[in-house]
Amino acid sequence: MLDELRARVLAANLALPENHLVKLTWGNVSGVDREAGMIAIKASGVSYAAMTTDDVVLVSLDTGEVVHGDRRPSTDTPTHLVLYREFQSVGGIVHTHSTWATAWAQANREIPLLGTTHADLTADPIPLARALTSAEVADGYEEATGRILIEAVDGRPDERPCALVPGHGVFCWGPTPHRAVENAVTVEEVARLALLTTVLDPKARPLDDVVRDKHHERKHGPHSYYGQP
Amino acid sequence: MLDELRARVLAANLALPENHLVKLTWGNVSGVDREAGMIAIKASGVSYAAMTTDDVVLVSLDTGEVVHGDRRPSTDTPTHLVLYREFQSVGGIVHTHSTWATAWAQANREIPLLGTTHADLTADPIPLARALTSAEVADGYEEATGRILIEAVDGRPDERPCALVPGHGVFCWGPTPHRAVENAVTVEEVARLALLTTVLDPKARPLDDVVRDKHHERKHGPHSYYGQP
Amino acid sequence: MLDELRARVLAANLALPENHLVKLTWGNVSGVDREAGMIAIKASGVSYAAMTTDDVVLVSLDTGEVVHGDRRPSTDTPTHLVLYREFQSVGGIVHTHSTWATAWAQANREIPLLGTTHADLTADPIPLARALTSAEVADGYEEATGRILIEAVDGRPDERPCALVPGHGVFCWGPTPHRAVENAVTVEEVARLALLTTVLDPKARPLDDVVRDKHHERKHGPHSYYGQP
Amino acid sequence: MLDELRARVLAANLALPENHLVKLTWGNVSGVDREAGMIAIKASGVSYAAMTTDDVVLVSLDTGEVVHGDRRPSTDTPTHLVLYREFQSVGGIVHTHSTWATAWAQANREIPLLGTTHADLTADPIPLARALTSAEVADGYEEATGRILIEAVDGRPDERPCALVPGHGVFCWGPTPHRAVENAVTVEEVARLALLTTVLDPKARPLDDVVRDKHHERKHGPHSYYGQP
């Protein structure tokens, strides 16, 4: 089971450069096995080009200690752990500095809901977490980053699968590592569409509520008819 | 015949990611066999990477029922059917959220005719369909999308091969699925050129009518001399 | 000799999609053999993916008639011929609608000389040809396009290797088809740099004359020390 | 030893087109062997596609004379030499006209520190060197370029691994040629993020100092915990 988790987390990490979401060693994906009480996460600062399952570290969900692997886990591991403990439905988490999403994060703006591509992902704007206080940065920076993400999505990770950290980048999650990466791909394109729309019209209006809800419901609602049964 | 149609529709769908017009499972291409009274269309929510002819579904042009294939057709199938029934000369239809065209759709602006690349495609701006009413969204959303596209091109699909749906994306058509995809490639580049031109000059003037007509006529007119005889 | 010319012109045409300067069948490269009085040019409307030397047509420099090949030459052939007849030092010509250069052409603006990348290509702005008159468009459109390009570079093709046609695209030339393509690659990047610079500062000042001349001279002057002897 | 240096410098040069930092023959990477008193640098004006170690020239750190190789070294060699003589900790240097960094250089603006991606590279803005005087351009242009870079980073190459030359491009350095290229990749993405942020908010505020210092310290400080021990 844990070998399979590590293989899936490896594949999800490799999907980041394939989808042009990361450069060099930036970004990380994790997955959780709740029965085993363990998460698997990319090692810190390793290159995607030569990455193997040896670069996927097992960490205790409870204590945060490395359980398997010779490498240091991602420096962002405490953020992932905080999110997994709070978001019981989440099976995978992705963090990137993907270009267009990060531009919104650096501009300290949430991503407005301007089209159906966005509505297919979530019925809300992509929220911008609040700034960390100096005390939070000084002591337990990575854990605090997890807490402001939980605040930003109002504790509703299924309805809000992505959030921006101001001046930093984006976190996404989903039921599996693979689905979390799909959300990261989507939010990056949504961010790009929104920025280009803003260039054409700085006061672009949000998508009509009825169209927004229609798109969201046909993909995610109880009577969804998108995809295969 | 229908096997060949499905193969062509498969190839046209695979051309979407090759031309960077779609991400993940977004977008769809269909083709029609008017003698058989059948359209072939991509299944809903399937990945391009592993797509085979099994993911191309045959649907009755008349009733909209699935005639062949185990999969659900694209959720946009009713839009395609409405267009095929109205546009007798059309043999293939493409829908994408391609980035630059969608930016114009999200900004609720038609794409102005600013250059000869655009004039080679059509002698008119790329029209923006009107917004759907709440009633249209609530009941028969996809069919209504077809109807506003017909309105947007004023019933002239040969002269106006593409149109934007506000807040959503773009539809293109042509005599074959392959030609419809070529129009989708072209409108995306036309949208990109127009947006970058607008950055340089927000009040950029339309192309001179005489140059516009010259380009359009040398490619599409009765005395066309572009391409091979 | 003519076989070699056709092979070189084929290779130069294939370099256009490799360098992301064209989509579909757009763009064309030609080369000249002045002794034979012949130019070789891409056939009209053929796809780059399957292009062979059969798609490179030989045309008389003097009469404009097809001398070898079953295909129609590019519709822009008369423009190329006018330029070859006037520019005796030129051995190859490229026409594209490459994205960033075309944005300047559609905005009806010359490309200002904002940096050393530009100065390495030419010591002048990339000129914008004047608009064609209605009479010129109506009768001999493609020849007239050649004439406004000659005007735009003031008859100095070696100092001014590229020029924009308003609302249309860019033409470049050089001593060989290969060098003409290098100029087309360079002008596209110069156009992109200038547009992004303009986004940061709409009133960006031209490069200092002394730096401009230094860069241009070290690459093209009589005491050039760039490249291999 | 020198063979290995040349092989490393070759690999670092080849990484430039792989990372989309150069076009045609532009850009260059060098490395130094301080014991041997020698630098290895790309030959001037050679193509990346066919580059071999024969295109990597050995030059005396002391005299600037070519010690090994048939080719002329990069025209920017004197700039590299000036930097190596001053920056004792530096083992590799890269020069490019990478698109987004060069846009800032052409706009004559330093790159403001707007996010953690930037802070992971350096705790300061990416400085813009002062303009060269006419006298400096006329006599010893390339050496003078080295001197203004030293001024721009205030003699602290470890804290400031990159600097812009106005109207020109960017230089980066690091302990090895490979690390210098990583810095060039990073500064290009930082420049892109900053430009897109500026489009969204022309008055975007710099990153909070406490977050900036936290990121910089966790990667580069004495108690760094990023990467593998």
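A, B, C and D are the chain letters, set down in written order, and residue numbers restart from 1 in every chain.
Heads up, the rule we're going with is that contacts are C-beta pairs under 8 Å (C-beta built on N, C-alpha and C of every residue); 3 or more make two chains touch, one makes a residue touch a chain.
What you are looking at is a predicted structure, and each value in this text was computed from that prediction instead of being measured.
Listed by label, the chains touching subunit B and subunit C alike form an empty list. Annotation: the subunit A:subunit D pair of sequence copies touches via predominantly different residues, less than half of the used numbers being shared.
Between subunit A and subunit C, the centres computed from C-alpha atoms are 46 Å apart. Look at where the CA atoms of subunit C average out and do the same for subunit D: the two points lie 32 Å apart.
In subunit D, the residues that reach two or more other chains under the touch definition are 199. With chains as nodes and touching pairs as edges, the resulting graph is a single ring in which every chain has exactly two contacts.
Every pair of chains meeting the contact definition is listed here: A-B, A-D, B-C, C-D. Listed in rising order, the residues of subunit D touching subunit A in the complex are 114-117, 182, 185-186, 189, 192-194, 196-197, 199-201, 204-205, 207-208, 210-211, 214, 218, 225-229. Across the complex, subunit D is touched by residues 23-26, 43-46, 71-72, 75, 97, 99-100, 102-109, 131-132, 134, 137-138, 141, 167-169, 195, 198-199 of subunit A.
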